[in-house]
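Please find one structure pasted underneath; my questions will follow.
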């Protein structure tokens, strides 16, 4: 299980975070994590999971899995395969890869059995409640319309975050909530924590930053209450 | 909103329930509904909704909707179109048409605004809890492996039904639970009610019965506690 | 089989072409078809096919089908159901409802057996060739980026249309080509025919027109070479 | 481009071909390839591509790609990522991962630009023709009902293979055809070549064999006409 509060950096399919650059970026995250003693996880592309997981000691997540079974499946990213590659868990149901509710349920169950951590994404407070009922480790609320905009959900739509927190709590007292979409500064992270989340999920704010280390350091400081 | 306890007959894409035969079968359901004063709803194919809805006075459901918006969508069954055609609500997320959690959420919301009733299908107790969190009118628990087998979930897997009831209750006190899969006799209906559901969702047990009226009458009697 | 040259009006899921308005619009298309003796077909939503097909004598198409089989399928628009409802054929693979190549193949085969006409949509010249190899009655080339823009493919990207014609011809001498996207005037229709197509597929240009009859009449005249 | 005739071993998501075992199996394939001087390629899971590609010198394929673009995509296996990981090409549209025709077209185009080889799977002769029109390097005909059965398509349904060859030829003289489904012996490979294909696509016949080296050697000998 991840230590909280935390920052999860989704590498998406950006050129800036592929292959060798995935290692470089993961090493930067590892440095900041070590220097500030804060919890930072990274989620590279499927083909880079093993490479990144063998290069750094911070937690590595898959961006999604397609199946919780093994066997006669072609072209599926299976949960067994991401574990074998060194991932400690997986994102699932990101707005760029929505899946059926039954698969989310299976992924949460299988992850528990395999000792993997789940971060289930949701686009609205209602959906956070629904996925919280499946008992994942984390629920990530991300209004899709803010993803990639630089307009942080924690500031632009604080009520989406607080409603999500309330709804998740009413359904499942154990699932923790992080928020994402538009997070690019330490201030955005601070706002997210102030609302009651245990961290943030972000991508371009770090991956496409001119100086990813500077941005992550600023966010890491915000995470531990330093200004 | 449907009166409970109730029987929902899913016409699926059977030849025995298409077009003219959809009307015949709906009229049989209407007769039994009237004769026994029991609540029976039918769910014909999209192309038959208007035909059936204009032929009988019992509630008519869509089997699924693809979208809650209108406009530049080709080949989508929209929620506006099924309402316009006379449906009083819709099934959604049947195991033969699983959808993403966000669509289920949107369908429940849009149905409330349009005064339509939602029956959200789920394959496991965990998933019943998840969809119950979306606040639909009904949750239908159906283990896919029993669908069409004639082995009733209410007898073969009573714990799936009772677990679903417990989980739904813990998440949402308002959503009612029905169960499906393998229901073919009055006894199966009786078992379903005894477990605490407010009715059954079935298909082949009635649609492909030699004498649908006899089967529905038997089930209707079971529904109102007659032997 | 449709008489060519022709105009196919896709009703999509517009409010302006739902239910009663679907009948009104289909009747306008029928009037123009009769007055000018031109071939016009309409493609209403699934729930409106029977209503429209029983109200007019011009050809009625489905916008898509989900399955070519019957039986234990919930929430699928089947090819049997659209035929039963009075459709003479179906669109398939519209950019707003892309499907797998195997389903396109099955729909073309099943349509032939059921004496239905197929219009397979494609987004590029390469894809027109691929679907032409399946031997449909018509291939409709529609660059998705022009759909709904009012910028006609026949003028903005004539080479897309002519390349499609060349590629289709090289693969299958029998499939005919129509084009769509951005068609709103008689001039656009004229341009489409001049390039070598046998007609146009359009939607908003007619459905959302202030005076659909005027627009369709203008297009109908263009179709038969009148100015 | 692969040297033909060839054997392509799809590792699927079998436990017997994951992680370390993927390397072992790929090394066996490499040994046989070297010993007999025959062309053998392997297609491990996405998370194993880099591992396998860096361990052997035979061609490594992806089992599928989800996208041909890069950027804000989460949980997609992109064509850039498999190339970066060392794949020389990709399977696409396997019956266990059917995709839309437009994606197949984009994958073929992007592969050409990236100097990657494409093997497009198809389930019927009609579909082989359709995908051949997209100009891939190879078309693999695999009747899904024979996959994993041990009943070889080359013997059980030779007409499916020969029809595919005829249809592909009529559409595209450059695409080469391989066949798959049920291939487990050297005899099956021999039958495949005799029908006119340039090789076979197989999975369990090798991956789940008691002695994969023995089976691959037998098949390799068949490939070069040795008994």
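By written order: A, B, C and D. Residues from 1 in each chain.
The definition used in the following text is that contacts are C-beta pairs under 8 Å (C-beta built on N, C-alpha and C of every residue); 3 or more make two chains touch, one makes a residue touch a chain.
Note that this is a predicted model, so its numbers are computed, not measured.
**Student:** Which chains are in contact with both chain A and chain C?
**Tutor:** For chain A paired with chain C, the chains in contact with each are B, D, in label order.
**Student:** Based on mean C-alpha positions, I'd like to know which chain lies farthest from chain D.
**Tutor:** Between chain D and the rest, the longest centre separation is with B.
**Student:** Does the chain A and chain D pair touch with the same residues on each side or with different residues, judged by whether over half of the numbers are shared?
**Tutor:** Comparing the two copies, chain A and chain D contact each other through largely the same residue numbers, since over half are shared.
**Student:** So how far apart, in whole Å, are chain B and chain C when each is placed at the average of its C-alpha atoms?
**Tutor:** About 34 Å separates the centre of chain B from that of chain C.
**Student:** Taking each chain's centre as its mean C-alpha position, how far apart are chain B and chain D in Å?
**Tutor:** Their C-alpha centroids are separated by 44 Å.
**Student:** By the touch rule stated above, which residues of chain A touch at least two different other chains?
**Tutor:** Where chain A is concerned, no single residue meets two or more other chains.
**Student:** Chain pairs that touch, all of them, please.
**Tutor:** A-B, A-D, B-C, C-D
**Student:** Help me check something: in the complex, which residues belonging to chain A touch chain D?
**Tutor:** Within the complex, chain A contacts chain D at residues 10, 12-15, 18-19, 45-51, 62-64, 67, 69-78, 80-82, 84-85, 91, 94-97, 147-148, 203-204.
**Student:** Using the touch definition from the top, list the residues of chain D that touch chain C in their complex.
**Tutor:** Residues in contact with chain C: 93, 98-102, 104-105, 108-109, 122-124, 126-127, 129-135, 167, 171.
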